[in-house]
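Before any comments, here is the structure.
Which chain is which? They are A, B, C and D, in the order written, and residues in each are numbered from 1.
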């Protein structure tokens, strides 16, 4: 049959049509923010403008950015609500710390130890993600959310009864009680007391590399066969099945990759402090990461980066409010949510902005008038 | 239009049996309309006096030398205690365009859902491409070569048009997760290839300039078209279209008719469609099944259907159908052959089968 | 599109604001002209552990006010406490904030987990650290600049075990401890080691966690079933009060024995103190001690904050005085850098400096490892008061 | 006997969870949001009752009434100020706002009442626990009355929802918000009413819980809140009898796993049970089947 193109087809005007995601632009913005921020902060630090307080937050900021980006893979790209991200962070942190302590027995080259530990943390977290992912994938919406919450709590509960340490140079493991005959200094993980005596190796540069890697993986995944399948299932599960997408497989994929990246970030976090307690990875931390994602715009990678940075610094800047610090934080959080999501207020801000902003023609690239679609995004 | 036999009781065909070469089978396939099961009988004398209609299946002549792409035997489904569809039988030729019509709520979409295993049928068997689909799920069905569209359009709204098609090409996209995460040369090569392929589909449908737009933001007609394209991109042997012309104006509908025929000709596949727009159904369908209250009330060519009193009754209601049959017949025939006839006796709004 | 840009603007503006605010914090400098020694501390002022941080904040403030009032012409002391929510990450942030504000000596952190994380930093920054209440061994381990004013957790466990074995030779001992708390788990660790070493059996061990610290009936039932007539409670007073209430309802009345964390239970608002009758506690401090020093402190505290001070407040009070005395003894100037002060203070503390305070019956001395030598006393609650045994 | 004691304390703890879960489940049913601030309303209810009895010298029951009124007002205010502006923008935005509200309530309680815990005086102070079987079996008035209160609340609530006009309106709104509006039901009013009832119940739950477990702190509500949320999902979120069954089962599992398996891992066991139930019944024990229209 001849290559005949169907004629006279009217597809209607594209007046109201919206351009899709511009991956290149998204990546450019994300990398620019990360690298630009890094250079800016390094310069400011060198010039002595940035205080200890902010400098001390460089690594945690990077970790939270990375966590926000990886959680976005589940919440934004796969469209499932996860309330247990801190659990994967915990798995990565503790297994990474364990690995670093073991490696320190025989190695001295820190960058290599750090990389191996982070990979190990990612590996263990991905296993946790896989185990958790399998049963929950049949669930939907808020039910899936509660199960992720439950798993996050289970992981933390188990961390409370895990003991690792060296006895005579050998790695020993115990469950539910202390290890027999162990010296204080040879403890690695002591149940609820957590990991102590960790050699801190993390630095801002490592943090940046982690962020870049996470963003690289997530953005690449988004713009690939797998990412498209994951997003398709988010947009319309039934249609996805009808074109032969294995829903469970792709959801699991998003979950596991996200868990692995969270594990990596958790590991860097763990190696930034000489001590780490399991309580750190409770529900509040999971929620905190979720707040980054939602505030940055669900599915928006660079939005998440900015939100994570901002919300990590914010409570610190509120120290001047002394006793009212956390109260202020809570109020700001509520107000910001209402301002960014309430349709009436939003349109007012937009109108205000339109007055100020130089006129641009047409829908610029990357424009996404989401209107009332927030509901769908969240569902 | 393809040639096929119209005479009652004439259009018998030889069916294939899974596992056997169809040539070996000489049985004649009839259907026991009352018993709820497909039976094999030697003659049609078994039918009682209660106005039996011939339930044998019409297959266009061009397809008779090949095994039918789809065979359905005694298909039925119950929701709770309610029988939504009962004793549905069908055979569809390799390159046939078949139509499934009936008033709203007759169970048409339910049949599509059973064929694609969105619902598991309560009774009956489906043979697709000679194989039973028992135990398959929606995904398997698609992999086996059946693709569909939906009554209420189901696109991947936030993805672009191009991505929508690329997703459908994922089975033929040959790279793994690691390639996808790291964008290896293999990834680049494959992406380049499927992009070209996706553009080919867009070109066929004249939608290249929409490639970068979000599917959810397209005009209605374009969305319908994209859904068909997406189904085609999975390289099916049979395409199920659920009300493809819904919401289209007459000129768009006639374009669509051309498109469907073009698709069949170009890809050499079977098409089975649900439609309320009689101009479309009568215009392109080579065989038509009429459904009412979950039961088949008529089968045959467009002409058979147009003159079938049961069909008229189903569309207009019993009392009117009987009392004014004489007077109305012509009008309805006209309506059936020319225009849309969407009102159902129940008058219920378009029901989407659920639960 | 509009939405995106709105967001960008909002985010960018607030980002800038935050950075400016954060950067401004760095403006403080240590060499202010006046003769002031700047002490800093981090502790949980919000969250579930807020009670300890606030006590330290207030107790320290009392000491600072006393010192400043007593020597208007001598070295003055400034006291700044930052919130760390008992979290290592926040504690490091808070510590860095203090550094930005020109802190010279660190008197913290309040909780162990947070303190270990901060101690790493003070060691690197060469800032002298004396913690009032972070009792984990890991706090001082390998850090020459970090000293503790409180007992180490395992030591408390050991001392408790010794006391129990000596004074209750026939008691069947059970333990209920918080396995999610480093304090509680640490004491239990030492306690169990000592009991095992001396061959004394513990008939039942039950744990609970911070997430399930309300219902203790299962644990108490298990104690009861094991026949325990003596229950060791190495916990803070909040769960202990809960345990006492529930044991009373069950009609289970063994001898309860707590550690310094139980101090404060009598002043718990709304608590029926009759339930605590006969409870033993091993603590270096109680507010009902009759010596003059303690009474002065308790009265000043009550006047300022309207409640009785607990052990944390007393520890903080002692810390401020200990640092102040050592600073004066070392003869350093307040204009010296934190590192210089650190070296001078380390020399003092490791070199036999002693201090008589509220929280020990003897004069406290420090080992070079950072551990304090002091003796706790055992008290029993009788007639709604702590009575020394 | 120990078994019976455990069973009673399990039922009593479960009843507390059930009453809290009712608030979760009703709010979820009507506005499809996870109100994570609900646990903190319990805490506020506890403090209110405490303040009324300790500082104002009110009788415990009167204090409970006052606490209920205040919590009801609080619930309605929160809904009006924080949640209503975000209605229809998707569950995520409201979820985060609810968490903000939760932080807000905790910190405001910290500022007002300080960090020191308070010991709550039991509502049933005058009543003595019953000991039986030679001290083996203990029945406290708190546990029995909590269980009774739970049953009474359940019955009243079920009657309210099925018999009264306002209750029917609430059901209609949970079924289909838009359709209810078309039928002339004031959706805002119905949602406010739901928050009012849920928050009033939270005050009751708070007082009952604190009567049995008397330590009151600004963070007192957080963990029971999460557990009750789990209970609501366990029973099928959105279903009133589901909340009751979920709460009771959860309480029993928690107490039993603590008694017979491990005190350290009791929470892990509770959550593991939840997961298992959801695997078998993906929408909880009594939850409505989610069906997707094709």
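We take it that a contact is a pair of C-beta atoms (placed from the backbone, for glycine too) under 8 Å apart; a residue touches a chain by one contact, two chains touch by 3 or more.
Predicted model only: the values in this text are computed from it and were never measured.
Shared touching chains for chain C and chain D?
A
So which chain is the furthest away from chain B, centre to centre on CA atoms?
Following the centroid criterion, the farthest chain would be C.
If you average the CA atoms of chain B and of chain C, how far apart do the two points sit, in angstrom?
75
Go ahead and note the Å separation of the Cα centroids belonging to chain B and chain D.
Chain centroid spacing, chain B to chain D, equals 51 Å.
Distance from the CA centroid of chain A to that of chain C, rounded to the nearest Å?
Centre-to-centre distance between chain A and chain C: 34 Å.
Measuring from the mean C-alpha position of chain A to the mean C-alpha position of chain D, what distance in angstrom results?
Roughly 31 Å separates the two chain centres.
Send over the residues of chain D in touch with two or more other chains.
107, 110, 264, 267, 292, 294
Where does chain B touch two or more other chains at once, residue-wise?
In chain B, 118, 150 touch at least two other chains.
Name the residues of chain A that each touch 2 or more other chains.
Those would be 153, 157, 160-161, 238, 323, 326, 340, 376.
Quick check on the complex: what are the chain D residues that touch chain C?
Per the stated touch rule, the residues are 2, 5-6, 9, 13, 50, 54, 107, 110, 114-121, 129, 131, 135, 138, 140, 142, 209, 212-219, 223-224, 254-255, 258-259, 263-264, 266-267.
Touching residues of chain C toward chain D in the complex: what are they?
So the residues of chain C in touch with chain D come to 45-48, 50-51, 53-54, 179, 206-209, 211-215, 217-219, 221-222, 225, 238-239, 241-242, 245-246, 249-251, 268-272, 307.
Which residues, counting only chain B, touch chain A once they are in their complex?
116, 118, 137-139, 142-143, 147-148, 150, 154-164, 166-168, 170-171, 173, 175, 177, 179-183, 187, 190-191, 203-207, 209-210, 212-214, 216-222, 225, 230-231, 233-234, 252, 255, 258-259, 262, 265-266
Could you please specify the touching residues of chain A with respect to chain B in the complex?
So the residues of chain A touching chain B come out as 1, 4-14, 16-21, 217, 220-221, 224-229, 231-232, 234-236, 238-247, 253, 257, 376.
Report the residues of chain A in contact with chain D in the complex, numbered from low to high.
75, 81, 135-136, 138-143, 145-147, 149-151, 153-154, 157-158, 160-161, 176, 237-238, 283, 287, 290-291, 294-295, 298, 323-324, 326-327, 329-331, 333-334, 337-338, 340-345, 372, 374-379
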